[in-house]
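Letters are used for the chains, namely A, B, C and D, taken in the order the chains are written, and counting of residues starts over at 1 for each.
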Amino acid sequence: MVGRILQFILYPLVALAIGVFFLGLARKITARIQWRYGPPLVQPVIDMIRLFYQKSVSHGPVFAVGLIMSLAGSIVVVLFLPFGSICPLSGSGGLLVVLYVMLLAPMGIALSGGQGANPNISIGISRKLILALGYEVPFLLVLLTVMTHYNTISIVQVVEAQRDIGWSIASLPLFLSGVSYLLILPAMLGFRPFDVSTAPQEISSGPLVEYGGKYLLMATIEHALLLFIDIALFVNLFLGGAGNPIIFFVKMLIVFVLVLFIHAAFPRLRIEQAIRYLWKWPTALALAGLIIVTIGRS
Amino acid sequence: MIEQLKRELEATFKGVSVTSEADRRITVVVDPLQALALLRFFKDRGFSHLALLSAVDLIDKHAFELVYVLTSYVEDTGEDAVPGELILVVKSMIPRDKPTFKSVISIYPNAEPYEREIHELFGIHFDGHPRLTPLFLERQYPIPPFRKDFDTRRYVEDVFGSIPAIGDEEG
Amino acid sequence: MKPQLILLIAFGGAFLTYIFGKISSKLRDGAAVAISLALVAIFACLYGRPLQESFYWGFLGLNLSLRLDALSWFFAIAIVSLGALSIIFSLRYMRDRERTDFYYSMMLMVNAAMLGIVLSNDLISFYIFWEMMSWCTFLLISYNQHRALDAGMKYIIMSMIGSVAMLAGILSLYVSFDTLLIPQIASSLATASPGYVLFVLVIFGIAFGIKNAIMPLHTWLPDSYAEAPSPFTAVLSGMLTRMGVYGLLLITYVIGGMIGGTGLGSNVSKFNYVLAWLGALTIVVPTFIAMLQNDAKQLLAWHGIGQGGYMVLGIGFGVATANSLALAGGIFHTLNHAIYIVLLFMSVAAVQYRTGGVRDLNSLGGLVARMPVAFVGALLGISGLIGLPLTNGFVSKWMIYKALIIEGHPFLAFAALIGTWGTILSVYKFLHNMYLGQLPEKYKHLEKSPFSMQLPIAVLSSAVVLFGILPGIPLRVINKICTWLGFSSLDVTIWGFTSETGTLNTINLLAAIVVVSAVVWVLFHRAAKSVVVAQDDNYAAGAYVPRDKYHYTAGFYEPLFTMLRPYLRDVVDEFYTALAGAVRKSCGAVRRIYTGDVGNYVTYIILFLASLILVQLRWRPW
Amino acid sequence: MDRNQIAKWFKEPSKMANKYSLHAIYFCTGCGIIEVPPVITARWDAERFGVIPVATPRQANLFLITGYVSVKTLKAIIRTYEQMYEPKYTVAFGSCPINGGMYWDSYNTIKHLDKYIPIDGWIAGCMPRPEAIFVAVTHLWTLIDKGMANGYERYKKYYRAYRRNQELALGKLEWPPLYPIGEHTEGGECD
């Protein structure tokens, strides 16, 4: 019992540490690609401590409640995802519950931004939701393929199934959906080719315009957890989700660095171009995977 | 080309002096009453582009000199003229103590911001101008700043100098 | 307590309120509220006891009978409670309107008619109450005259088509089995030929499809929801349109014999597959059309159609593959949808009441500061509509998805999931344009909504959260309905389902979310204080932008619309209007025959007789 | 990071964090803006010092005023400064904000920027080079360490005087005052 409670407390902290490490790594690698030294790896931690002590502006109760709801949603999703052998809430909800709890994060930021009453925020949120609709089409197809292929909706069982028949990215239909998932990963993480919703130059960082000290702190923590969630989900569903956490972390690192190179090299797309891209190649691949799986199953 | 233009001008306007200091540049000095008619005359000749409207404060002659710089895009300003190369400068003097002039917006619509700027900085009133409101300056000035009798140093001293530094006046 | 006594109270109450209205408005309001609350009390204490009442009136030699069992109790309690809440809501809403006596008596009449449908045990009384419901709805929809009249006309034409189809079905059943009692029909249908069963399914399917606004038959719904008075729209969208779902469940009971006996007849399951696919189509297209709407009630109306698709998908798929989880999901979604759509329409009505009837999304904004209770109601309403965890929508959607995926129909599940995302986008636009964003100058001094409006909103918001956290309460009743319909019962517990292919445990979810948000709130509170600033102290690149200089919520999803607009024209509606135009033109042509002078009529008769003789000589048909 | 640095982190984390994470917002006033791009890009990378440009004053705690300040720009600078929240620092580039620089006798520029908003750091030079900017950042660190970079406290303490000076230079300001000052009392300290 004590072990389980410890899991409940330590697991989100580990996830946050990995997320923050990824943020620091992102800034360091992007700097290195641009021929400059870049900040120390712990710079995000320093930024967060500074934001913790910085005063800030609030526009009303919903401004804070929305942000708290979005951060709580992200942490709860982390509890559902298996990380190596640890999975605190595996018994009470499978992939469908994860899918729906993941809705809390964008809805929370949209709600709190809504009360910020600033045109930039409103444009940022509408772009964020349109982009979300864009990558949800292939994302849902990918999840459905995995669920029908293993005939279960619980991630833990998907991981166990992969232990004996090898990584699911190796089998043909799931290879297509794995590639499709990788193609939409920058959009889900809000990285460069698709960071239309928080574009500093165009709409002065979208929903984050009115966020000051502690609000910006919550937004960065939520972004760090988002990094962890999306990549951990990919590793669990497609790369077998290893036995012990170390191998799991290495797999996550590889996937993250892959996405990071795209982030560092590509300029930002317009929202229409992003949607057209997201609904073309990733959706085609995911659809092909799903059709193969349904034919194979019936 | 210049002689032919000079002859035409002297025929239609009296008291007009046409000189040409440099190649392809003609200066026409006219008294304020005939200035508008002259500008209309040049506009019909094809000088459809009012490049610049500026004023010069000749304080020793107690006069403002309004300078209109015109160029043209069309061919027929003379047999060998290349579009836009011939620059025409029309000058006219107005008395310094009664600085008013007629607005040329009816001839050259793009003169509107120029006239607002000159009104703001020189205090020359253009009657017939739709809205002579301030264009650049944030504050009100006793004497329009570009006039020669406006002593900027004294103005800066008693406006910005008078603003006390923070903290020291409380001791 | 016999069922026909209940009906007597309901109908009697309607007339009584009309008469009291003549005396004094306060008396009428009190009477209306008292009667609706009495009905709620009656059904509350009728929970466990099924009532059987065979003969209550000899009508053309047929005995009409009523009954109360698990299915009808489930719908009845929903009808009366939502009816009571909307009556309480409309006390203040309709106070200074004209013809309020007519309004209150009609509202009670509609509730009584719905009770009649749900209690009736034979097809004739079912048909009578169905017609009565349709006509009362027509009268209430066209309450606001001018534009509402043609919305009502469109509604009544389509529902008359449905009831005529139902009448044909009833007559054919009577002719083939010469009985109209539903249990007897069920048993005799078991032996009928599959072709005939399919015919009965199609005929009744059309009638109930029109009422439940399944995709091709949905065009009456947006206009009638938008034009009806808001408290009535709440009832209309909550329970009245779901009588179609009750009808579908009735059909599954009538052909129940088929499921138990020879297993699912091939064409019966084929029909239900078609129904499931229609449901999936009804989820996706209206939800995306809802995004284009700029009128709050139109937007919610299109969501009414979309959510109807979930119910039909759940029930159709459940019957097609004898999967009780999908069927239970469909029924549970009917109840959930009734709760949160009524909540949303009430919050729109509260805003309308305060802003003098404004419901255009582009001219509202920032009302959260002025009407917090209506905002909380709208927020919980939309989270139920989306299906955020800890709300009731989530549990029923989860049941439907799980059944679809485990049975191996990912494309149906995909349509439903994309419906959810379409709902998120359009519903956030609804909440953002109405409650968040900048408060326009003219609403600066808007007072809160009155208590009589806040009470129903509060009750329904708590219902949304309660059924989300403890779904076991309604699921126990739904489980009884499934077993009564002949399906296998579900292992339902108070907080969800346990099964090897994936469990749902709402209590753990609740505990996790509460604990985590508490921790996050503590972290948030310990950080440096934040200063609450006025609305115009906003970042505008160094410039000061006074309050009403710009309003930015117009065209909220413009980039998406430019891509989707050509595909989202309401083609079905255009087809119907074109059809109506063609019919009107052809009738115009036929009218010219009646020239008005007798000579022509005589020549017509002679010509007709001549053609008859010719046919007789030539082919001898007789 | 030597031994006492880490100890200092635990003693006063807010001061240390403020030092090594300066999110700068720079207002493109005057000629100094040409100096900022090389500072934040590859050649002289400011991110090594933890200084990154951000989009809005809400997220920033360092305000760079690059170059001369005309009367019209002063209105935007005051608005931006008031939208930032404690702890916040301002650094002025070049000699123009110090005493007017080469525009010392112009009727349209602000001479001593210090009279309108508190300035924590000055960089002399008629457009300082990027190295001078980094020297300024390191000096700002020492100021923060010693607690002398308290421009925002001065602003709060003498807000009535600042507000009066601003209205002397710009005429009536449209937005309400940041801190409550009684309209009737003249000069002096505000609570």
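The definition used in the following text is that a contact is a pair of C-beta atoms (placed from the backbone, for glycine too) under 8 Å apart; a residue touches a chain by one contact, two chains touch by 3 or more.
Keep in mind it's a predicted model, so treat the numbers as computed, not measured.
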Problem set entry | Fewest touching-chain hops separating subunit B from subunit D | 1
Problem set entry | Which of C-D and A-C has more C-beta pairs touching across its chains | A-C
Problem set entry | Chain whose mean Cα position lies farthest from subunit B | C
Seminar exercise, completed: subunit C and subunit D have mean C-alpha positions lying a whole-number Å distance apart equal to 60
Exercise. At what distance in angstrom does the C-alpha mean of subunit C lie from that of subunit B?
Worked result: 75
For this session: Let me have the rounded angstrom distance from the C-alpha centre of subunit A over to the C-alpha centre of subunit D, please.
Result: 37
For this session: Spell out, as numbers or ranges, the residues of subunit A touching 2 or more other chains.
Result: 52-57, 204, 209-210, 212-213
Exercise. Which residues belonging to subunit C are in contact with no fewer than two other chains?
Worked result: 531, 537, 539, 541
Exercise. Quick one: which chain pairs are touching?
Worked result: A-C, A-D, B-D, C-D
For this session: Note which residues of subunit B are touching subunit D in the complex, please.
Result: 136-139, 141, 145, 150, 152-153, 155-156, 159-160, 162-167, 169-170
Problem set entry | subunit D residues within the subunit C interface of the complex | 27, 56-58, 75-77, 79-80, 83, 85, 174-176
Exercise. Which of the residues in subunit A end up touching subunit D in this complex?
Worked result: 27, 31, 34-39, 43, 46-47, 49-50, 52-57, 200-201, 204-205, 208-213, 216
Problem set entry | Partner subunit A, residues of subunit D touching it in the complex | 13-14, 16-18, 20-21, 23, 41-42, 45, 47-48, 50, 52, 54-56, 58-59, 61, 83, 85-87
Exercise. In their complex, what parts of subunit D are in touch with subunit B?
Worked result: 71-72, 75, 104-108, 110-112, 114-115, 118, 154, 158, 161-162, 165, 168-171, 187-189
